[in-house]
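Worksheet: the structure to be examined is printed underneath.
Letters A, B, C and D name the chains as they come in the text, with residue numbers starting at 1 for each one.
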Amino acid sequence: MVYVALISYTPDPERTIAAAARVSTSSVGATKLMEELTPQAVDRLLTRLIASGHLSPFEHASFTFAIEGLSRVTSHQLVRHRMASYTQQSQRYVSLKELDYITPATISAKPELEARYHDMVRAAHRLYLEMLDAGIPAEDARYVLPQATETRLVMTMNAHELIHVCSLRLCLRAQWEIVELFERIKAEVEKVAPRLGAELKPKCYRLGYCDEAESCGIFPTATEVTRERR
Amino acid sequence: MVYVALISYTPDPERTIAAAARVSTSSVGATKLMEELTPQAVDRLLTRLIASGHLSPFEHASFTFAIEGLSRVTSHQLVRHRMASYTQQSQRYVSLKELDYITPATISAKPELEARYHDMVRAAHRLYLEMLDAGIPAEDARYVLPQATETRLVMTMNAHELIHVCSLRLCLRAQWEIVELFERIKAEVEKVAPRLGAELKPKCYRLGYCDEAESCGIFPTATEVTRERR
Amino acid sequence: MVYVALISYTPDPERTIAAAARVSTSSVGATKLMEELTPQAVDRLLTRLIASGHLSPFEHASFTFAIEGLSRVTSHQLVRHRMASYTQQSQRYVSLKELDYITPATISAKPELEARYHDMVRAAHRLYLEMLDAGIPAEDARYVLPQATETRLVMTMNAHELIHVCSLRLCLRAQWEIVELFERIKAEVEKVAPRLGAELKPKCYRLGYCDEAESCGIFPTATEVTRERR
Amino acid sequence: MVYVALISYTPDPERTIAAAARVSTSSVGATKLMEELTPQAVDRLLTRLIASGHLSPFEHASFTFAIEGLSRVTSHQLVRHRMASYTQQSQRYVSLKELDYITPATISAKPELEARYHDMVRAAHRLYLEMLDAGIPAEDARYVLPQATETRLVMTMNAHELIHVCSLRLCLRAQWEIVELFERIKAEVEKVAPRLGAELKPKCYRLGYCDEAESCGIFPTATEVTRERR
């Protein structure tokens, strides 16, 4: 089960974003803006930036998460988002004495299959341990481990990219484990930056329609909207 | 076994790099430089850029590779290089009727273990197929598949990043499967851009010393060099 | 006056994009797809990728442009697009014996101001040359040159980023010189990749509405659309 | 004269980097590492990461600077570093009633030229103001302003990129104004992260030799070192 902790972040992230944004249209410097912007002014400015799609100032606030209990299936997807920094537990240097692994809910729902799934994963892990004992290096023994194997990593992502990635990965058509991951990430961000946290949402909530081939039902697709407007 | 084919690349890549580089210090435009630079001038210029570490003009030439027969162990490492573009076969949308997988040489070297390795991988694949038959979606059934499972992908990387990544991944201390991958990539590049291909080499060949904690023996470490110079 | 020439690009760019895209959902490799995809299949696939916003396969095709006659006002804006490679004429290493510079149309429209503009720019250039003669290095003398001074550069941008940047910079509210630049870039791309070229257009053409605070009039703003749908 | 203020940064940046780095080779999670790492352990780990060139964990700490009094000559160079976030004062939206500008020391050293330089810059600014009065938009009037014109911006850069950029821009062969900028940036970082600050230094200090064509004299060039070792 995925676990997310926010271990570090740019202090006062919303004010930092707002002060940076104001620099572009102001004759006052950022140091002064950091002191003088009221919470109301920060909020108004963030709302305006979002409405007009001017998201680059959101890059000035970064969030660093400790992520644990994520399958290698999903960490492989996660690191495809290139505008972020990752440090991941290495299966070359760390031997996995205990195997922590993920079981998808569709498998848990079928007790007979689930039992065989657990048996298979444990058998693979036993062979992994025996290979280690026989002198096979961990970096090679791990080839037998299932993709369900849990990993841990530290990820730093700025607020611009968080908005972008959540727009894709909070979509109900995304893979369930990565949806869960970003729901927890959103929850962590909301605690310290509620205005920004509220902006972490599927793209359809921003667009007002679904741009996938098929909608989950919450919003109509672009084609349906166009038809309706005629 | 990893297979690499160069399916597309910037035509005349070395001349393109040289023409771009000359623009920075010349009063002539790139169109004219593309026509007028002799092969000798191109070669001399590339040599000078490399010697002085001015590698950014190498970004103007890109190479697109079809990669097959790579384990998911290694594709997960590969995509950590963020200055490149990847399109990878999806285990959500493609069901793997046949299982192609990698067997590390250290396991093949021990026949008794190797037999058990093959049995385990095949048993995991059989359970995967049964789960598909029982209505488990491919995106969930794949959790039981071993990390040895082969994947295929298309990767585009520019020459600057190829030089950088090869400097790390052709190091003999890198993981063997990714070393093999980049040896094949180097071989493909050498066919169409020999001067550039020659530059795809471990960082120690460029530095003249090894900057890892322990050397493989080809070059002394930085500490050893410093000691020697005293 | 800005001049753009396409000096190099990924051959058969649309087929390369389509073959890469198909790898993600296919059990056939990219080498085979490159051979077998018909022009019709390429076209259909590109249309579907665009409609669903799955633009990452467009990164596998790159375009390298020689750009000349661009003011330093605009080159400073241009290089803010970070997902591209630039090699620009250096004012540290190249002395500008002749001054080529840009005159905005709003200034040309007022003959008396225009004359004073030309006089001022030429006077600044004369002082620049005298400073060079007096032994001031070019890198310092250039401080007196106007921002109107022309520069030349080579830019390589992949098709994904071209789509993104054109969505912003072909907007009629963008700065006129950068609009001109990207109109010429679009014209160059259209010659060799018409399907892709057609996709280089302001974001409102894709969204069906304007997401700026004020519309130029072609499309209603998001607020106006929402009001209309009620 | 360039002014730099550190307006925001990842709290406890060195501990954050160290905790992230340890995750890759540890069976303990980052949350626990953040609590348990002693200052000595942090220091030792950072030293080891730097010695072996494993710099990616340094990306987990970011620094946000308010930068003022920088010429447009130099801001154009600065934003070429793509692994950073910038928000810059717009000359489209901000009219420059007062002109603040930079005078290079080589010009100040020649009083007669210096006087003409000041006259020219002020004349350009007067024409700029007159054009504004005559209804020319600021975005066009600015074409006449000299490149010496000061700008202000907010820049966020992570510690990995700071190390990289300082290795290039603290080199005495870099342009003097950008050297000054990064000296001030280094001074700001040193106040809050002394171990990291000490690592912000020209590349020759790390390599032990100069890899430019000509050395400033502090370190011998690579060619000279090779000759010496024979």
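Here is the rule we use: contacts are C-beta pairs under 8 Å (C-beta built on N, C-alpha and C of every residue); 3 or more make two chains touch, one makes a residue touch a chain.
Please read these numbers as outputs of a predicted model, since none were measured by experiment.
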| item | value |
| --- | --- |
| Touch graph components, with subunit A removed from consideration | one piece |
| Interchain centroid distance [CA atoms averaged], subunit A/subunit B, Å | 26 |
| Gap in Å, rounded to a whole number, between the CA centres of subunit D and subunit B | 31 |
| For subunit B, residues that touch 2 or more chains besides their own | none |
| Chain contact topology (line, ring, star, complete or other) | complete |
| Residue ranges of subunit D in contact with subunit A within the complex | 5, 7-12, 16, 19-21, 23-27, 29-31, 34, 56-57, 59-62, 64, 66, 68, 85, 87-90, 93-94, 152-154, 156, 158, 160 |
| Subunit C partner contacts - residues on subunit A that touch it in the complex | 48, 51-53, 203, 207-208, 211-213, 222, 225-226, 228-229 |
| Residues of subunit C that touch subunit D when the two form their complex | 71-73, 75-76, 79-80, 82-83, 86, 91-92, 101-104, 106-107, 110, 113, 116-117, 120-121, 123-124, 127, 130-131, 134, 136-137, 139-149, 175 |
